[in-house]
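Okay, handing you the structure first.
Lettered A, B, C and D in written order, each chain numbered from 1.
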Amino acid sequence: MKGFLFIICLLVLGGMFLYVFLSPMFGLWERKEVANYYLNNSLEMTGSANLVSSIVWDYRGFDTLGEETVLFTAAVGVFTIVIFGMKRRK
Amino acid sequence: MITYVLLVLFAATFLVLIIKRDEIAIAAILFSFFSMCYMFLNPEITVFGFGGWSPPFGIVWVLDKLSVFLALLVTGVSSVIAVYSLKYIKERRHRYYTLLSLITIGLLGVSLTGDIFNLYVFFEILSVSSYALVAFFLDEGAIEGAFKYLMVGSVTSLFILIGISMLYGLTGTLNFADLASKISHSNPYMIALGLLVAGFSLKATIIPFHAWKPDAIEGTPAPIGAIFTSISTAIGVYGILRILFIFNLIQLNWVLISFGVITMLVGAFLALVQVNVKRMLAYSGISQIGYIIMVIGFGTLLGITSGLYHILNNALIKTLLFMGIGIGIYLTGKENLDEIGMKSTPLLICVGIGLLSLSGIPPLNGFVSKWLIFMASWEISPILTAIAIIASAITLAYSFKIFSSMFLTTKRIEVKIPKILFIPVVILTILCVLIGVFPQIGLNIIEPAANALLNQNQYITAVLGG
Amino acid sequence: MDIIVRTIVKGLFPFIMLFGVYILLHGHLTPGGSFPGGVIIASGVALIAISFGLRKAERVIKEETAHIIEGLVALLLVLIVLFESFARYVLMPTGMVFELWSAPQVLFLNLAGGVMVSMALILIIFLLMKE
Amino acid sequence: MLEIYVGMVLVALIGMYCIVWKKNMIKKVIGLGIFTNSIHLLLIAIGFRAGGIPPIVTRVNANYLALQAVDPLPQALVLTSIVIQLSVTALALGIVTLAYRHMKTLDTERMNRLRG
């Protein structure tokens, strides 16, 4: 019974998502002023042919710096958890 | 100025493991606290674009009064905890300090950023480092609690990501001010708003999302418990405030009020029945957040001011209590209520003051914000004030329970408290008494923050108008 | 692992590394960049670790050196990204487009990011494999 | 466009169902991966353009790129969120290996009873 109820509320959530995705204003290119800016003059400003790399490292470089720290946190976190787990067991 | 703070903090996190000296991390966090105090002095909104790009195209950090107030609170509490845990954590201290300074970067980033995807990235830095710290003490309870927290935390931060991609699909930009000028209150936007607020309410431990907190806090060391209950909940509340600020929806909304009331009562009742001290403080943190959410739901200036004031006080009191009780756990080694009796009058005074101000006794800072809350709720409807008074009565009950079990029980052991552990506790006690006696100190920090929250177009012209 | 897997991995390892470095270096010209390049390099080392065991993989790169390299490269990354408006004078986008040196800044950050990703993944793989 | 979004929502629901309903820890981590990948699918679908070409400038498509290319911004967001999902999964697997060493079971139901 609980499983059935849970699937119902999942479907409701999915319905909400679909309502937003299929609304007329979603993903229109007229509204994407920032994306058109990147497409038009990212080659001159950053010189990189791959526009995605120019966004990842030049326009939104701070995001990627933040995300490298997330990766560094994961490495330190796994280092903290696994090493101590083993020492304690011996 | 911001780049130096970030440079110092990032350099500290990356170098602690190589140079193997913890003082770098403490110095970095203290430096960021003092530079935040300096930032708070200049009155107008400063906008800093990374890489020299103008706002809608590059990432922008906006330092208005609300963000700097929160950054001040965050860096202050984590610097006190950095000093405190120098003695408290005995083994694997370098990794602990790396993760602690990463949590500070995450908290600082979430409070100061002006770009919604950057908010998600720093929220994720904060979450990943607190997943690792929850599993720090590695007994069975910690592992199960850490895994549950990781699962629930990453599902809700994915809800935030869905909300962000919805907003990008609907408006085409990622900058707060740009979003604010393009958002209309039609249905698709409301669903995106609902997802974002649900995502942030996990960190703020509002009722449907509070289950992870007691298990997580039981497994962590006490200083990290202080961080969880005081500032990472403050960041969750700030996330909700900032999202409502973007949608220009800071007005009376009964959804938040009802969630706040439920969280307040359930948190208070559950705190009463706990045996483990850390779990009790965790539930008490949840009920204090219930106060804040209820008051924010009023949307009036007095409501926002009392909410922010209670965030400040709750952070100070919870950190003081967790550190005081942490000393108990550090000395006795046990965490249950009936086993941490201690015979030391200085600690008795400090923890006593903390507990009294938690339950809102007049001369102390808890009373000031509780009084503001009662006044704010009186304007809306007297029933809410009655409920708030009942909840603070329950708070009085369980704070007396902690006090009696720690200091009045028969079997108390003679203890000598190490210096480094005691200085932060004394500093916070003095701060609590100071704010309680001169509430104007807190007000002239919080008044501009509340005003900054209420007028949105000043923010937009500052960021976009240039 | 048995002999067949070991010989194949021994044969493939240099090509995997070469391909990873190629993706890393051409991040600003062709699709791919710091993350795919870093992951390919890390997967090469992971293949060695799985088939030859951790001791042999330690000869490729020890754990402590991975930590130190990751910390230093991260520091370098922080310096460049935070002071990007100054870094752009040094790493000016040169006139020639579509060549290796067309975007020195994106190329340099790609390399640093790729090294960090591969070091972090190697660390995680080594730690999770420790018995 | 309709089938992409419907597909994405279905995959997201499967991922959420797997996280909540499956008892085994590793299956929960896999469910998390499915859910995150469906969001990456959503992000890429937002940048969709009928008959779009990848946003890589070459000598040939330099002049008509701005009108033909797919939106590069969500692709940059997807790169970032892939690495974030990678680190969350690495941490979750660290916790899972530790849980197995300590409690010899991966079933969260029995783990609750063990802890009482």
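We adopt the following convention: a residue touches a chain if its C-beta (ideal position, glycine included) is under 8 Å from a C-beta of that chain, and two chains touch if they have at least 3 such contacts.
These numbers come from a predicted model, not from an experiment.
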A-D or C-D, whichever has more C-beta pairs in contact: A-D
Chain centre separation (subunit A, subunit D; CA means) in Å: 9
Distance between the centres, which are taken as Cα means, of subunit D and subunit C, whole angstrom: 23
Centre distance in Å when subunit B and subunit C are each reduced to the mean of their C-alpha atoms: 37
Centroid distance [mean C-alpha coordinates] between subunit D and subunit B, Å: 29
Interface hub residues of subunit B, defined as touching at least two other chains: 10, 14, 17, 50-51, 117, 121, 124, 128, 131-132, 135, 138, 162, 169, 174
Two or more partner chains touched - positions in subunit C: 29-31, 33, 74, 78, 81-82, 84, 97-98, 117, 124, 127-128
Residues of subunit D engaged with two or more neighbouring chains: 12, 16, 42, 46, 56-58, 73, 79-80, 83-84, 86-88, 90-91, 94-95, 97-98, 102
Contact graph of the chains (line, ring, star, complete, other): complete
Contacting residues of subunit A [partner subunit D, same complex]: 3, 6-7, 10-11, 13-14, 17-18, 21-22, 26-27, 29, 32, 34-36, 38-40, 42-43, 49-52, 55-56, 60, 63-64, 67-68, 70-71, 73-75, 77-78, 81-82, 85-86, 89
Touching residues on subunit B, where the partner in the complex is subunit A: 10, 13-14, 17, 50-51, 53, 56-59, 91-92, 95-96, 98-99, 102, 105, 109, 117-118, 121-122, 124-125, 128-129, 131-132, 135-136, 138, 162, 166, 169-174, 182, 187-188, 191-192
Touch list for subunit D against partner subunit A, complex: 1-2, 5-6, 8-10, 12-13, 16-17, 20-21, 42, 45-49, 55-58, 62, 65-66, 69, 71-73, 75-76, 79-80, 83-84, 86-88, 90-91, 94-95, 97-98, 101-102
Contact footprint of subunit C on subunit B as seen in their complex: 3, 6-7, 10-11, 14-15, 17-18, 50-52
Sites on subunit B touched by subunit D in the complex: 117, 121, 124, 128, 131-132, 135, 138, 140-141, 143-144, 146-147, 150-151, 154-155, 158, 161-162, 165, 168-169, 174
